[in-house]
Amino acid sequence: MTTKTNAGRFFEDYAVGDTLHHAVPRTVGAGERALYHALYPARHALYSSDLFAQSCGLPASPLDDLVAFHTVFGKSVPDVSLNAVANLGYAQGRWLAPVWPGDTLRSVSEVIGVKQNSNGKTGVVYVRTRGINQHGADVLDYVRWVMVRKRNADAPAPDPVVPDLPKALAASDLVIPDGLDFTRYDFALAGEPHRWGDYAVGEIIDHVDGVTVEEAEHMMATRLWQNTAKVHFDTSARPDGSRLIYGGHVISMARALSFNGLANAQMIVGLNGGAHANPCLAGDTIRAWSEVLDRAETAAPGVGAIRLRLVATKGGAPFALRGEDGKYLPEVLLDLDYWALMPL
Amino acid sequence: MTTKTNAGRFFEDYAVGDTLHHAVPRTVGAGERALYHALYPARHALYSSDLFAQSCGLPASPLDDLVAFHTVFGKSVPDVSLNAVANLGYAQGRWLAPVWPGDTLRSVSEVIGVKQNSNGKTGVVYVRTRGINQHGADVLDYVRWVMVRKRNADAPAPDPVVPDLPKALAASDLVIPDGLDFTRYDFALAGEPHRWGDYAVGEIIDHVDGVTVEEAEHMMATRLWQNTAKVHFDTSARPDGSRLIYGGHVISMARALSFNGLANAQMIVGLNGGAHANPCLAGDTIRAWSEVLDRAETAAPGVGAIRLRLVATKGGAPFALRGEDGKYLPEVLLDLDYWALMPL
Amino acid sequence: MTTKTNAGRFFEDYAVGDTLHHAVPRTVGAGERALYHALYPARHALYSSDLFAQSCGLPASPLDDLVAFHTVFGKSVPDVSLNAVANLGYAQGRWLAPVWPGDTLRSVSEVIGVKQNSNGKTGVVYVRTRGINQHGADVLDYVRWVMVRKRNADAPAPDPVVPDLPKALAASDLVIPDGLDFTRYDFALAGEPHRWGDYAVGEIIDHVDGVTVEEAEHMMATRLWQNTAKVHFDTSARPDGSRLIYGGHVISMARALSFNGLANAQMIVGLNGGAHANPCLAGDTIRAWSEVLDRAETAAPGVGAIRLRLVATKGGAPFALRGEDGKYLPEVLLDLDYWALMPL
């Protein structure tokens, strides 16, 4: 027996400044688009209809913003998180260009921080991952940090480097897709009358609907993004025989559910931060609520930016997030902080 | 907390003459086509092969007739049936133009009838729903009526208006797709030798095959049509924790199963009526049988029309439909009456 | 009730020299491509990225080699294996041309052998099946043999004809896709550094990862190939209520898992033989291991051929294949022998 297989990297294998060229570029198109709509109750009109997208100044309907995220993220898994104990956080995520059917995406990560934990057995690795299309243009970049096992607990700790990451992107950092224009926006076709000016900072919205999730669905989704982390697929990978649902599946489900109340938050353009608060398993019923965190104008015609907290739960009361101890309640699955574009 | 979410319309919210512009237009294409074939054992050659469709005078293989139906229907759900107690019936459904990959569909409904029930708590709403493509051409229209809850039982009853609906479309009302020509029809490639003239009115056919249905499949299908009625997705929506399978899933499954015996009933062009006789749940094994109700010639070369009853069951003997009390037997899921086109 | 349905052929219905024109041609494209990647953890770069395929001399990324196999195979099921007791073997399978999105495939089989079994109740039928595209060009051909029930045990036995089938294709029999050139192959993007010269005959590789399979997934896959054999779909078809997973689902799952260790075995071009050793059911966790059986050079620039045994299991130790009695161990699902193309 030979060892040609990939056992994944351990904490010692990362050094600040390293560039990781992730494998398996991927051409995405009409099939991924349809599967995204079959796997999530996605209804944002700009990602559903070529005509609607054209009425907003785009040449056609791009692939959903989270298709870009999942595809770019999935490629980084074999090099970044195969031996990860936990996916700790995201920051500075920016969508830089729409992904069109037929585009080919690849991913590259740069190691921007390493810090060994005090237990000596694990460490935290910070990477900035970029998604790049067939023209060499960046479509997305974001920072994430993960806790990774050490191969050898006796290996010396590296000098700690912890990047200085902002709590949120400034609205001026957001990139608006070329041509986007919401001045002729059709609110009736979009599904709700509420415009940017109708949302107040501090406002909270219960998205009402729930979806009970199944093993076949989350595995199909996760494979579609070529994310091969075994905990999602193999019942023998965890002691209790359960398959852990890819956190991105929860993000997409919650974002789709948020249509009911945020139908006009058409495009995600910034990811300020996010925590996968508790594991999600098949049989859980995912619900979502949102809180308006900030609002800003943009230079694009008719286009406002809205900063939202999106919380996914598997039960409990809406709007409950943390217990008295300051920790996430056990029924909270996701706490995501993002910027979206909305008609003024 | 604000109430920007859609709670759905109640009986008092409908008035005869109202036009409902349904939200979220949808571009459909190669992905929906493949998913349709993954979700149902669909084998009708005209919807499977561009070459076969071209040999029948069409420019390419259109999307399955029921993809058009489900897409148009799904858009109407948030405005018509979110608070529906029951989907009572269909009438006068006509396929008016094929849907091609890349087409964008939207739906509009007109309220054509309202009648409060004697209990004062619910009423029946009749709508005519049209599906419209990106050229502004109608691709489908049909009437359906649903029982809807009143918001306020004390609200006064409207003057009852009940549309006069025919039991079936006349063959002369059917619209044959432009160019359709079955004179060079290849029966070997289509899968069966039986032509229009081989079917006799009154003939019944057991389609033999059965499919046991799964939660993941019916949810993916229902989401693909952007039908968001919560009873299909959320185990907490019904007292027994079951998810009710979208009636259209049963229609598509039964139609696909009917290939075995009706392989040449290529295109559905008319929906005369239909009843979802009993609920379908995951784990049920769907079977189907058909009865020939009528036959008619058409003006298109080599093209005959056949009117069929399609019955889906979850058990029981084939050809059993109603009990001695005249009610549907408990194992009957669907009783559909449609016109299809078949080679002479 | 009439009998217009297909009851399938019995042993007496096959005679050497018969040609079976299988029904329902199929246009495949971007949707099938995406579904293949959602159903299997497929990561071979040439089937994932148009750019990668172009860097290897092809005009675009073809559909996965096994999409061609399943589509061609599925069409043959109603005429060859509807009454089959067992799928006994494969031989002389050759991929003759890539399948591109938009291609339309049909299948034709020739009966090349028949031999009644000594019990008088069944017989073995040998067919050579060809897949043909819209240009009339063969894309694939292979021999398979199945055990089929006799309709009438008293029917006389035909003269036995057993084709002389080679244990494996010679490397010189393999057809290399036009233009394929691995001289500029990007090993980093492909995911592994191991080239043809790094694999030694006799080497065995444990592919490490496992996937627990679900009913919804295997049924979607099997329907996608329009394979309608009822044992895969109908819980009432087998005494124990289980649905037998289509053997091709196991082939695709194992091949996809083999990426981990054989990422550069890009294209399957020959199928020397194969046995579905034991049934696979939902809930099984599929793992895979490979053995290098042979290596050969080819005339194409930079392209080597490697002959591999691919074994899928549902448990047990890797590399265990047969018991002391010479029979497959009960946990072995598949023993496949194929040729693939790999960069030198």
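Should a chain be cited, it is by its letter among A, B and C, assigned in written order, with residues numbered from 1 in that chain.
Throughout what follows, contacts are C-beta pairs under 8 Å (C-beta built on N, C-alpha and C of every residue); 3 or more make two chains touch, one makes a residue touch a chain.
This one's a predicted model, so the numbers in the text were calculated from it and none came from an experiment.
**Student:** For chain A superposed on chain C via Cα atoms, how large is the rotation, as a multiple of 5°?
**Tutor:** It is a rotation of 120 degrees, to the nearest 5.
**Student:** For the two copies chain C and chain B, is the contact made of the same residues on each side, with over half of the numbers shared, or of different residues?
**Tutor:** different
**Student:** Can you work out the whole-Å distance between the CA centroids of chain B and chain C?
**Tutor:** 36
**Student:** Out of chain C, which residues touch more than one other chain, so two or more?
**Tutor:** Chain C, residues with two or more chain partners: 29-32, 34-35, 214-217.
**Student:** For chain C, which residues are in contact with chain B within the complex?
**Tutor:** Per the touch definition, chain C meets chain B at residues 1-2, 4-6, 21, 23-27, 29-32, 34-35, 78, 101-102, 104, 106, 134, 214-217, 219-221, 223-224, 226, 228, 230, 233-237, 243.
**Student:** Quick one: which bits of chain C touch chain A in the complex? Just the residue numbers, please.
**Tutor:** Counting only chain C, the residues touching chain A are 29-35, 37-43, 45, 48-52, 61, 188-192, 194, 198, 203-212, 214-217, 260-263, 285, 318-319.
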